[in-house]
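One chain, subunit A, appears in both complexes that follow, with subunit B as partner in the first and subunit C in the second.
On to the complex of A and B.
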């Protein structure tokens, strides 16, 4: 990209950088400081005592551990189920010709034409009749539906990008269809599919609205526990420590996804 | 994390390839059904849990259950909603929040996107990373951070107190709380969509305009804005869809009354145990968002060939 605005010092950039640092990094830094603070009473500008006291207190709570394991179980089950049903479907959309292929492919967009929480309420009404409210599998189902679009659309693009000539060459020298898929197709499509799986896992881990509407109070995930900490917990540090714990999956996603997000194709996927 | 990125389009036309690879005529018919078989479960899930709930939402909202368990159709739920002061206040605050957020997002993100499009140095790269960062912060952590910074005795109060100034009137638990949170949350995608749209504005066009003496504002108004109108509309539609029925941020940061439609629907459904009324509220949110929704998915679909 050529620089049209050429100046010695990029004052605009500096102003943006300072404002965004204050508005975006600032609040998160405050939470980070709170997490490692033993005592911080108003009106001291810096904490009176730093330390890890509240880490051991938080990690000693049974509700924290049960919601960590609930969140991890849910995210793993949903990601696994999603992979089992979506990857073959993605392969079919990318490679096979069948009646209604285009309309079925775009049908996954349907849910995105509606405000999400309204749709969740409409689904919840159906779950109510099926006695799925307040159950683990009810939450699994609602979160599974949330992963369908990107678990199909991303792998479809991955399968389409595989070099077909290599597959044909392998077939020419006598490789069977599974051998071709295993040795040629999968290694090439693999990294993109892994990204879709990671996205699905992280997205499910943080999914709050479906878990709250369908699962509460029986199914308590980490974000749901965090809501109750914000509403009812007088000790500030519990929430701060939980925030840091809660951020770990996002941080991992951040490390892997930055390159993808910065590319223009990502924004075009949102219609940009 | 509820959105879906889309990697680049393949240059292959797959029907051609399938036709080429399926050499035996007999297997072609089998393949047809193999494809349908492989996509059956996800398609069934979408039909059952997206299409079906949407189609049945309107009849469900019209259903009245009598005391003897019999059902009849009536507009009573809608009549109640549009005559109930509390419901109408909730709808009003939702519309207000959505409009204020959309306006703020444009005011913040358009200059940012213009800067990012026309500058390529290390500061711009840093600014871009900062603008995208909120995408990797779950809204529940954001809510907590907001309370610690802008809430009572938060960091802003601490700093103001430190220099001897009075405390702020905290936006926490006022309608401005969700506005600040939702804008923060929506900055990354708005910036990305606008930057992507600005990619369609060529440097040559702008240089040509500059050569004939156009000022910067004139260039923005006559050259750049007309070319990115579509991207602006997409960004607004996407924002409106997410904000109108947002739940977590208004639930945690907003006032107890009036509440936005998201928390209102949740409370009606779970706490008041009145699903038909909750569905009525959902149908009303659908009605307010349908134009944005259709426009949005049309834009996404246009960018993607199956």
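On to the complex of A and C.
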């Protein structure tokens, strides 16, 4: 028989949960409501008229669609390139010892320790001379720099957590170094690396400052477009609809992350 | 038919550790040789050099006459079983065993046959679909053994494969491995620091110390005829007493025994089971403690000068703490300058 435990109500916990919900969900809710509002005038606390008018208005614009496809292409290309560059580098950091290893490793962190905008302006000045301003590859390059931190640090931790004896056992049965990486190390570190890829994709998708500074006006991603809407359009709904659109990758990312975390392999990837 | 030959192999690690120091060993076809020694004596390093996981600083390793000294592990005909089983947790048992066969481009049906046969051999028939974490420690270690065996290696290498298992399981697996090894007649190098493991399994034992060989012999010879005081003290229980020899007699701590060697310092060695005790009024030693193991008893004795020796007795109830006794060794050995100089 199960023993009955009288549980006290944890008021502090409840208060925290409520405050957190208000802080996080509140603004999202307001924006969400705005996106589906046709008319909402002060002082009414609920909109006078709900509807999809601004959705059709927003989605009818060619620049919205081109910026969506631009953002998706950009995030995919950057994530792919970042994986190709960073994963082998992370493996080298995790497994090899070479001169300057630690300094190089920390330099990735240092890049994020300083105010980003100043760094961006300096890079923009260099890009200007290289004729990269306003080009797709210029934006790819600047986003790539932004992904370096978690695409190196997270996989390094994941690779370090892989049991070296497992790799040696694979060598022992006849696998060459590359095969070992592909069939043993990568799958063992897989869930954690998937998380890093996801962060990299979503981070690139949402990144605004770099994309705007390097890409504008020719290369327009969804967040950049949203900023120009907010700045130039008197109508709130345009921005609200775009925000809601921007949530989609987040939701997909969260769903995916839940699967990874639930499977328990996420913790294992961290050596747990 | 596989012969392993290790000739003057040394391994220096960066920082100056001399893990293995000009070590030589020949392992005959189908032989099981145990590397036995205290922690840090270089057993694992030696085994890993044979497997290809450490590169020897100098020396030569051959298998059937073929030089493999600097080959990478994947190109050696060796199979290694690790202490931590090192199974690939993202694959099930079948895939763990099939991985090496796939790399060798073995056909699907042949892979299935071989994997089933080897699972049967290690007593795990029908376990192919299990995940590795659904196995007990002993089963995991059996799968690790099967993973090496399925590739039919010329040389099987085992690095303390049972160290993480409990005593009971260890003894059972020890017998199983010995049976399989003899059935397959596979040349085997086995690392352990459990002497009972070495004594019960090995055709020959290599006693190692500081990366060097102390003695290579059959288990019974290592036990009965240790060549150095280190081996004498390391294998089994041995009473070792530092003393002086003068005019053919050994003196120390009230003891005085015939020892027909030249005058000078010597170490006297006596097994507890070769030491007779008799009660005496003014004896050489005082009983410190009596331990009854059921089948036999051990008596700890205090000699003068704070020297303690152990004696094995058939009837421990005949002795009790504080009694005075005389010692009469039935067999002794003596060492001088690190070598055996006398044995009776």
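In this section, the second predicted complex is superposed on the first by the 226 of 272 C-alpha atoms of A that agree within 3 Å, B and C clash if a C-alpha of one lies under 4 Å from a C-alpha of the other, contacts with A are read in each partner's own complex, and residues count from 1 in each chain.
Rule of thumb we're sticking to: contacts are C-beta pairs under 8 Å (C-beta built on N, C-alpha and C of every residue); 3 or more make two chains touch, one makes a residue touch a chain.
Just so you know, these numbers come straight off a predicted model, no measurement behind them.
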First, second, both or neither for A:183, with subunit B first and subunit C second: second
Touching partner for A:173 - first (subunit B), second (subunit C), both, neither: second
Winner by number of subunit A residues touched, once subunit B and subunit C are compared: B
First (subunit B), second (subunit C), both or neither touched by A:26: first
Touched partner set for A:165, first subunit B, second subunit C, both or neither: second
Common interface residues of subunit A - those touching subunit B in one complex and subunit C in the other: 168, 268
Partner subunit C, residues of subunit A touching it in the complex: 163, 165-166, 168-176, 179, 183-184, 187-188, 190, 268
Subunit A - residues contacting subunit B, complex: 1-5, 10, 12-14, 16-17, 20-21, 23-28, 30-31, 34, 42-45, 85-86, 88-89, 91-102, 104-119, 121-126, 128, 141-142, 144-146, 148-150, 152-154, 156-158, 160-161, 164, 168, 192, 199, 202-203, 206-209, 212-213, 216, 223, 226-227, 230-231, 236, 239-240, 243, 246-247, 250-251, 253-254, 257-258, 260-262, 264-272
Subunit C - residues contacting subunit A, complex: 51-53, 72-74, 78-80, 82, 84, 86-90, 99-100, 103-104, 144, 147-148, 151
